[in-house]
Amino acid sequence: MHRIASWREGDIISDIYLCRTKVVGKTKTGKSYYSLSLQDGTGNADGKVWDLSSGIDHFEALQYIKVEGEVQRYQNALQLNIRRIRLAREGEYDPADYVPTSPYPIDGMYDRLLGYIRSISHAKLRALLEAFFVNDAAFIREFKAHSAAKSVHHSFSGGLLQHTLRVTELCDDYCKKYPLINRDLLLTGALCHDIGKVRELSAFPANDYTDEGQLLGHIVIGMQMVAEMANRIPDFPEVTKHELCHIILAHHGEFEFGSPKKPALLEAMALHFADNTDAKLEIMCELLTENDAHGWLGFQKFLDSNVRRTET
Amino acid sequence: MHRIASWREGDIISDIYLCRTKVVGKTKTGKSYYSLSLQDGTGNADGKVWDLSSGIDHFEALQYIKVEGEVQRYQNALQLNIRRIRLAREGEYDPADYVPTSPYPIDGMYDRLLGYIRSISHAKLRALLEAFFVNDAAFIREFKAHSAAKSVHHSFSGGLLQHTLRVTELCDDYCKKYPLINRDLLLTGALCHDIGKVRELSAFPANDYTDEGQLLGHIVIGMQMVAEMANRIPDFPEVTKHELCHIILAHHGEFEFGSPKKPALLEAMALHFADNTDAKLEIMCELLTENDAHGWLGFQKFLDSNVRRTET
Amino acid sequence: MHRIASWREGDIISDIYLCRTKVVGKTKTGKSYYSLSLQDGTGNADGKVWDLSSGIDHFEALQYIKVEGEVQRYQNALQLNIRRIRLAREGEYDPADYVPTSPYPIDGMYDRLLGYIRSISHAKLRALLEAFFVNDAAFIREFKAHSAAKSVHHSFSGGLLQHTLRVTELCDDYCKKYPLINRDLLLTGALCHDIGKVRELSAFPANDYTDEGQLLGHIVIGMQMVAEMANRIPDFPEVTKHELCHIILAHHGEFEFGSPKKPALLEAMALHFADNTDAKLEIMCELLTENDAHGWLGFQKFLDSNVRRTET
Amino acid sequence: MHRIASWREGDIISDIYLCRTKVVGKTKTGKSYYSLSLQDGTGNADGKVWDLSSGIDHFEALQYIKVEGEVQRYQNALQLNIRRIRLAREGEYDPADYVPTSPYPIDGMYDRLLGYIRSISHAKLRALLEAFFVNDAAFIREFKAHSAAKSVHHSFSGGLLQHTLRVTELCDDYCKKYPLINRDLLLTGALCHDIGKVRELSAFPANDYTDEGQLLGHIVIGMQMVAEMANRIPDFPEVTKHELCHIILAHHGEFEFGSPKKPALLEAMALHFADNTDAKLEIMCELLTENDAHGWLGFQKFLDSNVRRTET
Amino acid sequence: MHRIASWREGDIISDIYLCRTKVVGKTKTGKSYYSLSLQDGTGNADGKVWDLSSGIDHFEALQYIKVEGEVQRYQNALQLNIRRIRLAREGEYDPADYVPTSPYPIDGMYDRLLGYIRSISHAKLRALLEAFFVNDAAFIREFKAHSAAKSVHHSFSGGLLQHTLRVTELCDDYCKKYPLINRDLLLTGALCHDIGKVRELSAFPANDYTDEGQLLGHIVIGMQMVAEMANRIPDFPEVTKHELCHIILAHHGEFEFGSPKKPALLEAMALHFADNTDAKLEIMCELLTENDAHGWLGFQKFLDSNVRRTET
Amino acid sequence: MHRIASWREGDIISDIYLCRTKVVGKTKTGKSYYSLSLQDGTGNADGKVWDLSSGIDHFEALQYIKVEGEVQRYQNALQLNIRRIRLAREGEYDPADYVPTSPYPIDGMYDRLLGYIRSISHAKLRALLEAFFVNDAAFIREFKAHSAAKSVHHSFSGGLLQHTLRVTELCDDYCKKYPLINRDLLLTGALCHDIGKVRELSAFPANDYTDEGQLLGHIVIGMQMVAEMANRIPDFPEVTKHELCHIILAHHGEFEFGSPKKPALLEAMALHFADNTDAKLEIMCELLTENDAHGWLGFQKFLDSNVRRTET
C-alpha cells in the first residue's frame, strides 16, 4: 500500500483513499474539474481531476475511493494528478487505516489512565470516574477513538486520550510540588476536563463540530455530563460537585477563551496551567515534526509568533 | 413607624431596623465603637454607636434590633447617632417590612408573566415553562421574592420578576417588528434567562452570592435547570433543547461578560439586546430616582460615563 | 424582464442591467477579459466577458448595458457568460428598476414617520423636525431614496427611512416602559440620528462614501445639520440643542465605534440601544433571507460569530 | 503679600486668598469643621478651620477671603490652621493675582501667534484665522486668558495660548523636514485645534467643564466653530473646509481618546503628533518642576509609568 | 523571643524588631504620632506610638529597635501599642532572624540545583552555569539570599533559589514528556531565567527595586549577564548564545508582561509555562497559607479573580 | 540603461536587474513558469517567464541577470513578459545601481550627524558616540549602507542614517522648546536608538531579518552594543549608562510594540515621540510619493486608516 506520507514526486499511484472533501471548480476557460482532499492514516494530500470526461465514476465526500494518477509537485507540496476514480468496495479496505492516529498505543495509554483512577482515595470522586471510564462501554469506545480537536492539536484518533493522560500526568506532578493541592479533586478534574469533546466533535472520519458542539461548547457539555453523573451517585457531596464543575468551567482560564468563570480554586488554576502547557507545547511539537525545514517557519496564529527549530 | 426614607436631620428615632452589617472600629484614641448598616424596605442608612458602655445589648448582623438615637448629617448623608440598642422580639416586627421591594405589585406582574406563558404555541416549550412557573410552588415562591442582582440594578425583592417581565415584553415587541424571529423560542428564553439567579443569590434579607453562584454563575446554573427540565419532558426535541440552552448561555453577548458562547441564533441576539437594554436603562433610572441633585452626577462605573438628568 | 433574482442555470439572457463595476483581467495566457458586477433591483451577479474581439461595444462602470449571454454556475454562485454588450438607450429602461429597494412601501413608512412628528409636544423640537421632514423638499426626496449603509445592513433605497422608522418605533416602545424618558427629546433624536447619511453616502446608483463622508462621518455631519437648523429656529433653547446634539454624537455608544462622547443622558442610552438592536437584528435577518442554506453559515464579521438558522 | 508658594512651616499668615472649595466635615466627636482649598497665582494649599464658634464670617466657595492663621506641616504638605475669616472687600485685592498663569508673557506669545497667521499664503485660510484671532475681540480675550485643561497639563491662564503656540511651532518645524506637508493647512489646523476649549471649559477662577463641554467636547465644538466661520467667508472652498474640519476631528489620533475619525491626511497625522508630543512632555515637565524630590516619583496615571528625574 | 507570628491579643511585648517603615502622622487634634511597620523573620505587624513625649528615643526606618508595648486588635489585625523605643545595640540581635526566609533549607535546595548543573551534557552551557553557580562566590551568596520579588510571590530570602529550582524541576519534567525539547538548553535557561533579579532588587532587609532594576528590569539585566558570560567562554557558539538570550527575553510570554520578544523556540515556550505555573500557584498557596479564613477571600489582583480554599 | 521606474507599457527591455525572488509556478494546464521579482535602484517589478523551454539559463534568487522581454500592464501594474535570461557577468553591472537608496546624499547626512556629535558637551557620552561613529570604520560603513526596515518605512540604503538624522533633528528641536531636557543624553540616545538594526537586518541586497534579529530584536541588540561600549570607556558613570540603556529600551513607547520598559525619563519620552513622528510621517510620505492616484488610497494597515492626498 502506498501511504500518503511516503509519496515521492513522479510516483504512479493506484490505491484507495478517503475522500475528505470534494469541490467542483471551473478553469478560466470554463471547464469543470475536481479538487479533492485525500486522506489515509499517515496524512493528507490534494488531488486534482482535470478531465472529467472518462474514467471518473460518481462519488461523494467522505467516501472511500480507488484512484489512479501521478504524484506531482505544486508550490512546494505534492499533489496527485488523477486520471481514474471508482468507489472502493467493502472489504477492499479497512477504515481504521484511514484515520490519523496517536503515535502512542491506545491501550497502553488507557491502562495508565485507569491506574490514575485507582489511585483516587475519595470514594465518591472515584465512583464518578469509574462510572465513565470503567463502566460505560459506549463512552469508553468513543473516548478512546476521539481526537482532541478538529485541527489545532491532537487532531487524530486517540488524541483526546493522549491529551487527557498528559494533562493528568502534569497535574500529578504538580501535586508532588505543591502539597496544598487536593490531588483527588485535581486528578478527577484533569481526567474529565475535556470529556465534553466526545459530543462537541463528531467521530472519525468526519471529526467536525456537531450542532450541539457549536451551540454549547465542550466546556459546558462536559460540566453537564459530570454534574448529571454526580447527581446519580448517592450521597455525592454538593460542594464537591460544585467545585468539580467549577474546575471544568474554568479550565480555559480566561473569559475570552470561552470559560464563563475564572479559576477561583487552587485546583482550577493548576488544571488550567496543565491544559495550556500541553496544548501549546503539542502545537509546537506537531509543527516541528510535520515540517522538516530549517530556519524560520513563518507566523503561527495559535502561537502568536514566528517560530523556528532550535539549533543548539 | 419611622421609615428610613422619611428621616430628617434632628429626628429622634426609636424604632426597629434590620442590622445588615456590624463592624467594630476603634477611634484614634483607642476607644471601640460600632458602625452599623441599618435597613428597612425604604432604604439604608449608617448608624454609629460611639459609647458601648451602657444601653447596648448584644446583637449580630442580620438580626432585627430596636434602636434609639438622633438623625445627624455627615458628609451629605444622614446617619443615626445611636444611644440604645436591644434585640427586637418576635411579633414586634414583620420581616416583609424590611426588604426593599419592587415598586410594581408582585402578583400583577406574575399574572402578566403567566399570560405570556399561555401565549406560547409550541407544546413542549410551554410544558417546560409551566413546569417551572405554574407547577413548582417552591420555585414560584423564590422567583417572586428574589432580586435580580446583589446591588447593580433590580436589587430588591421582586426585582427578578420585574426584570424578567420587562425583558419578555421587549422580546415580544421585537417579534412584531422582525417576523423571522421564532416567538415561542425567544419568549421561552426570555422567561428563563435569569432563573439561575434563584440559586446564584441567596434570598432576602441576605441577598448575597451563594457558594454555588460564585463557582458556577447564574448563566450556567440556569442553563442546567432548563436542560434538566427538558430532559424530564417526554419527547422534548433535542435540537430545541440545545437552541434554548444556547440562548441562555449567550445572553450576556460577549465572552468578557461571562457568556461562554456568542449569540449564533437570531433569538439569542434578540434576547441579548433586550437583557442589556433593560439592565442599563434600569441602572440609569434607579440612579436618577435615588438622586435628586441637578447637574452632573459623576462617573458611573456600570455606565462607563459621567451622567446627568435631562433638562429639556 | 429577466430579474437577476429569478435567473436559473442555463437561462439565455438578453436584457438591460446596471454595470456597477468593470475590471479588466488577464488570463495566464495573456488574454484580456472583463469581470463585471451586474445589478438590478432584485440583486447582483457577476458577469464574465471572455472574448472581447467582437460584439462588445464600449461602456463604463455605472452605465446601463444591454447584455446577451448564458447563466452558468461557478463555485455555488450563478454568473453570466456574456457574448454581446451594447449601451442601453434612454427610454429602454427605468433607472428606478435597477436600485435595490426596501421591501416596505416608501410612502407608507413616510406617513408613519410624519405621524411621529405630529405627536411631539415640544414646539421647538417639532419645528426642527418639520424643517427637515415637512418643509425641505430636497432633503425629503434624498432621505426617502437613501440607503442606511454602503453594504452592511439596509443597503437599499428606502433603507435609511426604514431603519429610522424602526429605531423610532423601538424608542417609542421604551418610552412606555421607562416613564423617566423624555419622549419628545428621544423621538427627535431617533428621527434625526442618521440624517448625516444623506451626505456621508452618495445617492443610488453609486451608494458609496462621499469625500465629506470619509473625512467627517455621518455622526458629526448629522449633528452639524441639527445644530445649524436649531440655530435658525427662534428661541430654540440652548440646553435642548446641546442635549439633542449629544444624543446624536453618542448614538454609537462607544468611542471605538466612532462616537466622540459616551451616552450621558437617559435618552442617549435609549437611542444607542434602539440603533444597535435594529442594526444587528437586521444584519442577521438579511443574512438569513439571502441565504437559504441549512446548517452553519460560517463566521460573520459584523456579528463576530458563526451563525445558523433556528430549527425549532 | 504672602504668596502660597513662599509659605514656610510656622509662618503666621494674614492675607487674602481665593477659596476654591469649601467642605463641611465632622470630627468623630461630632464637631463641625471647614476644609478649604485656598489659591493664589502661585499655587494651592489646604486650610482647616477647627473652631467655627467665633471669628469666622459667612463665605462661599469661589469668593475671596481674608484669612488669619498659622502654617503647619501635615503629612509632608503645608496647610493653614485658620483662626479668623472674613470676606475680602472689592479693591483690597486684584483677581488677576489669584489665577495661576503661564510662565511666558501672554502678549509676547500672542505676537508670535499673529506672526504665524501673517505667514499663511492661502487667502481663505488666512481670512479664517484673522476672523478669530485678529477681528473677534471677545474671542481673543477669552483665548488669551484660558487654560488648556482643568488639571492635566497647561491648567493655568495663558495655557491654551502657550500650548497652541508650541504645537504650531512643532508643526512649522515638521513642514521644513517633510516638504509634502501643506503648511497653510497644517498651521491653520494647529492654530485652531483647541479653540473649542474656550467653550468646553469655563473661564478662571472656575476653570471647570461647562455643560456644553461635557455633552459635546472641545473637538466637536472647535470643528463647529471652524465650519461656521468658513461658511461665512465668501468662496471658502468646500474641500478645504472638510479637510480642515477633519484635521481638527482627528487630532486626538485614536477613537479611544475621543476622535470620531482617525487621521487620514498627512496634515492630520502631523497635528496629532505635535499635540501629543507637547501634551505629554509638558505633563512630565510640570511634574518635575512641581516636585523637587530625587528618586522615583511613583506611578503617574497620565504617563502610565513610574518616572524619575534624570541624573546624568 | 516573642516572634510576631506568635503574638496574641493582650500580650505584653519587650523585644527587638526591624523597623521597616516609619511614618509620622498627625491626629485631627493636631498631635503627632508614629506609625511603624515592624518585622522579624516570621512576619510583619503595625506598631503605633501615640505619645512621643517620653520613652521614645530617636531611630530611623531600617534600624533594629527594642520596643515595649501591648498587642491590640484593630480591624481584624493585631498591632502593637508602643510605649517605649530605643535603638538595639550590636550583639543584642542577629540580623538573620529578621528576614523572612524560605520554608525549605537553602543548602538542600542549592545542592539539588548543582545536581541539575552536573546533568547538563553540553560542555559550553555547563561551563556557563558553573561560571555563575559554582565559581562566582559573590554571585552565589547573593543568589541564595535573594527573594524572587518585592512582594507578589517568593518575597522572602531564598525565594529566588526556591523559585528557580521549582521552575527547573518543572522543565525537567517537561523534557521527559516532550522528547523534542533540548534539555540542556531548557535547563540552562531555567536556571538563569531570573538571575537578573540579584540586580533588579536590593538585598534584604531592604528587598526593594534598585535604580537599575527600575530602568532596565530583570529580564534584560539577566540576558546581559548571560550574554557577557557567554562572550567570556572560549568557543561558545553564537547561535546557542542567541537562543539562550532569546529564551530569557521571552520568558514572560507576552509583550504586556515586559518580554520584548514572544517565545519562538520550543524551549522558550516551555520555560514560559514553567515560570508562569510556579508563579501563580505559589501566589495562591501563599495566600491560602497566610489566611486561615474559610469562605471567599475577595478579589485578588494578581490572580484576577475572587478565590477561596477548596472544601472537598 | 532602462531603470524600472521609467518603464512604459510596450517597452522592449534588454537590461540587467537583480532577481530578488524566484518562484516556480504551474499553470492549471500543468506547465511550469517562473514568477520573478526584479529590482534596480529605482524600484521593483514583477517578471514572468511563461516558456522555460529555450533561452532561459540557470539562475537563482539574489543573482544579477540579463533579461529580455516586453513591458505589459496587468491589473494596474507593469510587469515584464520575459523571453530570455542569462546570468550577468562581473563587470557588466555595478551592484550599487541595484539597491534602492535614500533620496538624500549619504555623505552630506553623515556630516550633519558628525556635527551633532561634536556638539555634545558630556565627555563620556561624546566618547561613546565617537567610538561608534568616528572610530569604528566597519560600523560606519554598515550604518551608512543600511536600511531602517525591511519594508515598512526607510527600507532603502541610507535609510537608517536618514531616519537617525531626522530623529536627532526632531530631538534637538525639542531641546530648544523644553529646557528641562538633558540635550547630551537625548541626542546620544537619538543617535544610538536604532544602531541594533545593523545586526537585526542583513545588508543589501538581502535586507532581511537575521537570525539574531528575529531572536533578540534591534531594541535589545542596540542596548547591548551601547552597554558594552560604555563598559569599555574608563569612568563612564554607571547611572548614565543605565539611563542611556533605558532610553533605548523604552523608545517604542509601549510594551505591545516591543519595548520591555515604558519611558520613565523625560528624555525617553522625547525620543519615543521623535521616533514615532518620523516613522509614521515617513510611511505616509512614501505612500503618497509612490502612488500618484487621486482620491482615497484604501485602508493602510500601518496607519490604521484609509488615507488620501490633501487637495487644498
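We just call them A, B, C, D, E and F in the order they show up, numbering each chain from 1.
We adopt the following convention: a residue touches a chain if its C-beta (ideal position, glycine included) is under 8 Å from a C-beta of that chain, and two chains touch if they have at least 3 such contacts.
In this text the structure is predicted, and so the values were computed from the model without any measurement.
S.K.: Please give the intersection of the contact partners of subunit A with those of subunit B.
M.R.: Both-contact set = C, E.
S.K.: Call it same or different for subunit E and subunit F: same when shared residue numbers make up over half of all numbers used at their interface.
M.R.: On the two sides of the subunit F and subunit E interface, the residue numbers are mostly the same, over half being shared.
S.K.: Relative to subunit A, which chain's C-alpha centre is the most remote?
M.R.: Between subunit A and every other chain, the largest centroid distance is to D.
S.K.: In whole angstrom, what separates the CA-based centres of subunit C and subunit D?
M.R.: It comes to 44 Å between the two C-alpha centres.
S.K.: Hey, how far is the Cα centre of subunit B from the one of subunit C, in Å?
M.R.: So the centre of subunit B lies 41 Å away from the centre of subunit C.
S.K.: So which bits of subunit B are touching at least two other chains?
M.R.: Subunit B, residues with two or more chain partners: 28, 211, 214, 239, 243, 264, 306, 308.
S.K.: Have a look at which chains touch which and call the overall pattern line, ring, star, complete or other.
M.R.: Here the contact pattern is something else, fitting no line, ring, star or complete shape.
S.K.: Strictly by the criterion at the top, what is the full list of touching chain pairs?
M.R.: So, checking each combination of chains, I get A-B, A-C, A-E, A-F, B-C, B-D, B-E, C-D, C-F, D-E, D-F, E-F as the touching pairs.
S.K.: So in the complex, which bits of subunit C are touching subunit D?
M.R.: 211-212, 214-217, 219-220, 223-224, 227, 238-239, 242-243, 245-246, 249, 255-261, 264
S.K.: Report the residues of subunit D in contact with subunit F in the complex, numbered from low to high.
M.R.: Residues in contact with subunit F: 122, 125, 166, 169-170, 173-174, 177-178, 180, 182, 184-185, 237, 239-240, 243-244, 262-267, 269-270, 273, 276-277, 280-282, 284-285, 288-289, 303-312.
S.K.: Which positions of subunit D touch subunit B when the two form their complex?
M.R.: 25-26, 28, 30, 209, 214
S.K.: Which residues of subunit F touch subunit C in the complex?
M.R.: Touch list, subunit F to subunit C: 27-28, 33, 50, 72, 74-75, 81, 296, 306, 308.
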